[in-house]
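First chain A sits with chain B, and in the next complex the same chain sits with chain C.
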Partner chain A sequence: MSSYRCVFLMGLEQALEYRVSFFLSMLSAVFPIIIQTVMWNYLYSHSDAAAVFGYEHGQILLYTLLATIVSQLVGAGFEGEVNGDIKMGGLNKYLIRPMDYKWYQFFRFLGQKVPRFMVAAPVMTVIMAAAFWQGLPISAGRVLSFLCSLMLGMVLNFSIFYCIGLLGFWLTEVDKLFGTVGIVLTVASGGVFPLDIFGGLVETLVNVLPFGYTTQFPVNIINGRFGWERIGIGFGFQLAWILVFACLGCYMWRRGVRRYAAVGG
Partner chain B sequence: MGIIEVEHLKKEFSYYKKATGIKGSLHNLFRRETLTKEAVRDISFSVEKGEMIGFLGPNGAGKTTTLKMLSGILYPTGGRAEVDGFVPWERKNEFKRRISIVMGQKNQLWWDLPASDSFYLNKCIFGVDDGTYRDVVTELSELLDVRDLMSVQVRRLSLGERMKMEILAALIHQPDILFLDEPTIGLDILSQKKIREFLKLYNQQKKTTVIITSHYMADIEALCQRAVIINQGQLVYDGRLGDINRVLGERRLLSVKTSSEVNPAQWEGFGTLRETSAAGAVLEVPQEKVKAILGAILAGLPVEDFTVTEIPIEESIARFYQKEVVAP
Partner chain C sequence: MRQIGRYCRLMGVFAKYSLMSALEYRINFITGVTVEMGWMIIKLLYVAIIYKAGTSIGVLTPDHILLFVGTYVFMTGVYMLYYGNFGSLPWMIQQGELDLYIVKPVSLQFLVTLRRLEFAYLLPDFVVGVIMIVTGWRLAGLPSDVLSVAGFLFFLLCGCLLTYSIFLLPYLLGFWIISLGGIADISNALWDFNNMPSLIYEKWMRRIGTYVLPVFVITNFPGLFLMGELNVWACVWGAAAPVLFFLLSRKLWKISLKRYSSASS
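Entry: the complex of A and B
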């Protein structure tokens, strides 16, 4: 068996080891959905929000639901470990083995996502079926594009957070940064509400910056908001940003590992 | 030429100075003073294939830093090293397949999963074939007495059990060279003994070259013929473990038991008085004078019994640690 397949399976095994933690993390996705549904219901019943935001009431609820799920699927969470490995000398064990640390983290990240996918897939299917029944234009092509963009979104988010984790080579104490960066990036990726409701400059920024391509882009494919041309351009941006962050990650690793002090023991 | 060749190896670390308390922290926010610590300064030695050497020194002497450079974890600041024909810090995969390192204070196993999962991962990473893998795990788990613990999560193992698993994991790919950094630290006497016996047997059978650091002299005495001692980053001794006393001047400990109490002043003429009590005394004397001094004591004092012993190796090494002496 190839070593990365083995890492992938061990990541999966590890995610299943702590069952309670796993179910709680799934449950924690429910609360933001409830809060947002209440908030949007209030806004839409008290103002002409549809005209302001450019989203119908049903559309915005669908967006919130899907974005929360996608956000959970692409979410990183390993950056603290990368930083810890650098800070506490845990990197030693990877440096002495004939394997690449980035691929190791990547396949473990994928392995740990599998249980989440297994829970998210039926939930998404139910939501999509309900939306289809309400008149949403879903086609096989869209579902396929959505799945592709979701995969690329995961790779992109991994690349971004891998670079953030590698900052540990230069900054000793970045743990606290992760919380802040995590929240900012979740909002910036459209994981809370669609950023195109702001229009103008914000919308342009979202279209150019990498973050929206982790969450908002896949959601906008499946909810029918993007036409095929936009989808094509979006894939281009996704791939370009993956390339940028992958190169940045390789560069940071090469520079960082020379500085690495392998502290302790 | 040895399997490990180290020449003028150096490693410097830079760090920031920080005064105690908030004031120091605030000061550091704006201006930091960078200091340099020379962890390893100009070390040279060579190790032959199949040799097992004790790498000794007090805490902070640079032992671990040296091992990290030899295993390719750290880049040196200067000097050169060749391990099994490779420059370690170039980190070639072929080099990594030939070495292994176990650190007593670091965990290399997956904490949440059974050790057997980590073994299997190592098998995949190092490309060990199924048959060899099965044989190695069966043999080593029996020798280390951990066969029944293979499917227990690592976090549930005792420190001693975990250490045995760490060693087993490090040997899955049957390395030519094994670096052991305090493999028995914090273990009870029985576990220490088990690991020692295992390492001795393994070294004899497989002819694996081993460099071991330990603060337990029992480890070193049981395993190593040769010791390399460093202090403050510098080599202070490289030679046979048994020769350490010779370097320090051959001296003996003379323990004498008397039938009645002897005035301490009476002992002093015979040698360096180490301890004295109503029942006798312990004297440190030059080896060549043992006979004469013993004769004089027997003639002049009410001796009941006596023993002559070498100075404990631990004590001799401690004198190297205190930098009282530098090897010839």
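Entry: the complex of A and C
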């Protein structure tokens, strides 16, 4: 376990390597929040948007504020490195070490998230306090459920992107494909807008597919859109999808390593 | 004039070799198209929300907004055509790669910032942008006489020059600092302010975005001109700002270049 602790600390150090860049990157999340807040404020003050979109004004504002932060917290970004290790033979050094590659990536991923969480936690606290003061039904139970679902969302997103990274065993040109997948999954997870505002088939798909359970589900717990029954079902979906992707990752790894040619390294 | 002709011919050569490269690595080209289409989904979501709400923003109906966002999509394609050169500038500075170009008998800024063109990024934005512009133009019942079309194209051209000039500035910091990841994020987020027409923002934001850091001029002025919403002074500013900012980018490029120390080449 001590080796994984070192990997965790290494991830933390790596995240803080370029501090100015790190904080500017966090700051860049503010701009889309401004754009969307302005847009929602305008729409809600000039039309019956609550009836059209199914979110109250306060709920959608809280969603806008928190979804970008949650999206950054659960975001992966290691899939390119996994692919690079497979392509360039960097995997060799992990295969001969008494360490599971999946857990190595997982603990480094967690370590890299710590500084982001340290910055995001006070911001989220202020936002939630303001939302509570504005009359949104934020309670200790909801905050706790939100934090649990956020953690599970991180694990789920890690599992999804770990599988995507392992595609490097079979595909030769995937760097740009990762870009596409990353963007599409950000949209599908509700990281830009809550997709259930479009209703019908889109809402059904969001409820069934795993992506919404990384971002949209945690945020909809805290903004009061989901009742306790829906929250319970959502946790069930989160755990089930984590299990599915964890098994898929193990299967892909076993099959992939057999194909691995260990070129270079 | 001879110099301009020479640079136009050089631009043609760059375009030819970039196109040949794109056709040689076809999978790269296709994945590049899919990446850009992924980003486009986000832009189209904004339009979908406006149409779903069915609300006008000031004098702008949803059809006008379709035209404005179409202009933004189109300009994004033009920006992405040479964006890769901006992104690789910090790396070239760190690796001493500028040495290879600095001795060539041609403007270093021209060579470094326009030598590689990504047609894969231009293509989807160009096609979808033009469709959105034409559709919005027709649905909104805007005039399509020679003067209107010429004015619209003129402000599009001005927007192209302004985009180049404004968004090169953050990358010049690569001459001073090592990691530009966060600055790139900020500048991209700034570009995204054009996701919505400037009329949706508060007056003070519009003024800053029009006169201090004129990102709103890039995608709003062509549409506003068509609607007859630009007064004479705004037209003058729309034409003058690209020239002023281009001169500024030239000046700052020359100042920044003095910092180049030709490391590790």
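Keep this in mind: the second predicted complex is superposed on the first by the 260 of 265 C-alpha atoms of A that agree within 3 Å, B and C clash if a C-alpha of one lies under 4 Å from a C-alpha of the other, contacts with A are read in each partner's own complex, and residues count from 1 in each chain.
The definition used in the following text is that contacts are C-beta pairs under 8 Å (C-beta built on N, C-alpha and C of every residue); 3 or more make two chains touch, one makes a residue touch a chain.
Quantities reported herein were computed from a predicted structural model and do not represent experimental measurements.
The larger set of touched chain A residues comes from C, when the choice is between chain B and chain C. Shared-chain residue A:192: touches chain C; no touch with chain B. By the touch criterion defined above, A:184 lies against chain C but remains apart from chain B after alignment on the C-alpha atoms of chain A. In the superposed model, A:13 lies in contact with chain B only, and not with chain C. Contacts of A:97 after superposition on the shared chain: chain B is touched, whereas chain C is not. In the superposition on chain A, contact of A:201 is made with neither chain B nor chain C. In the superposition on chain A, contact of A:258 is made with chain B only, not with chain C. Once chain A of one complex is fitted onto chain A of the other, the partner contacts of A:140 are absent, as it touches neither chain B nor chain C. In the superposition on the C-alpha atoms of chain A, the part of chain A touched by chain B in one complex and by chain C in the other spans residues 17-18.
The residues of chain C lying in touch with chain A in their complex are 27-28, 31-32, 34-35, 37-39, 41-42, 45-46, 48-50, 52-57, 177-183, 185-186, 188-190, 192-193, 195-196, 200-202.
Of all the residues in chain A, the ones that touch chain C in their complex are 17-18, 20-32, 35, 38-39, 42-43, 46-47, 49, 52-53, 173, 175-177, 179-180, 182-184, 187, 192-193, 197-198. For chain B in complex with chain A, the touching residues are 13, 64, 68, 71-75, 91, 93, 96-97, 99-101, 103-106, 108, 110, 112-113, 117, 120-122, 124-126, 153, 181-182. Partner chain B is touched in their complex by these residues of chain A: 1-3, 5-7, 10, 13-14, 17-18, 89-93, 95-99, 258, 260-262, 264-265.
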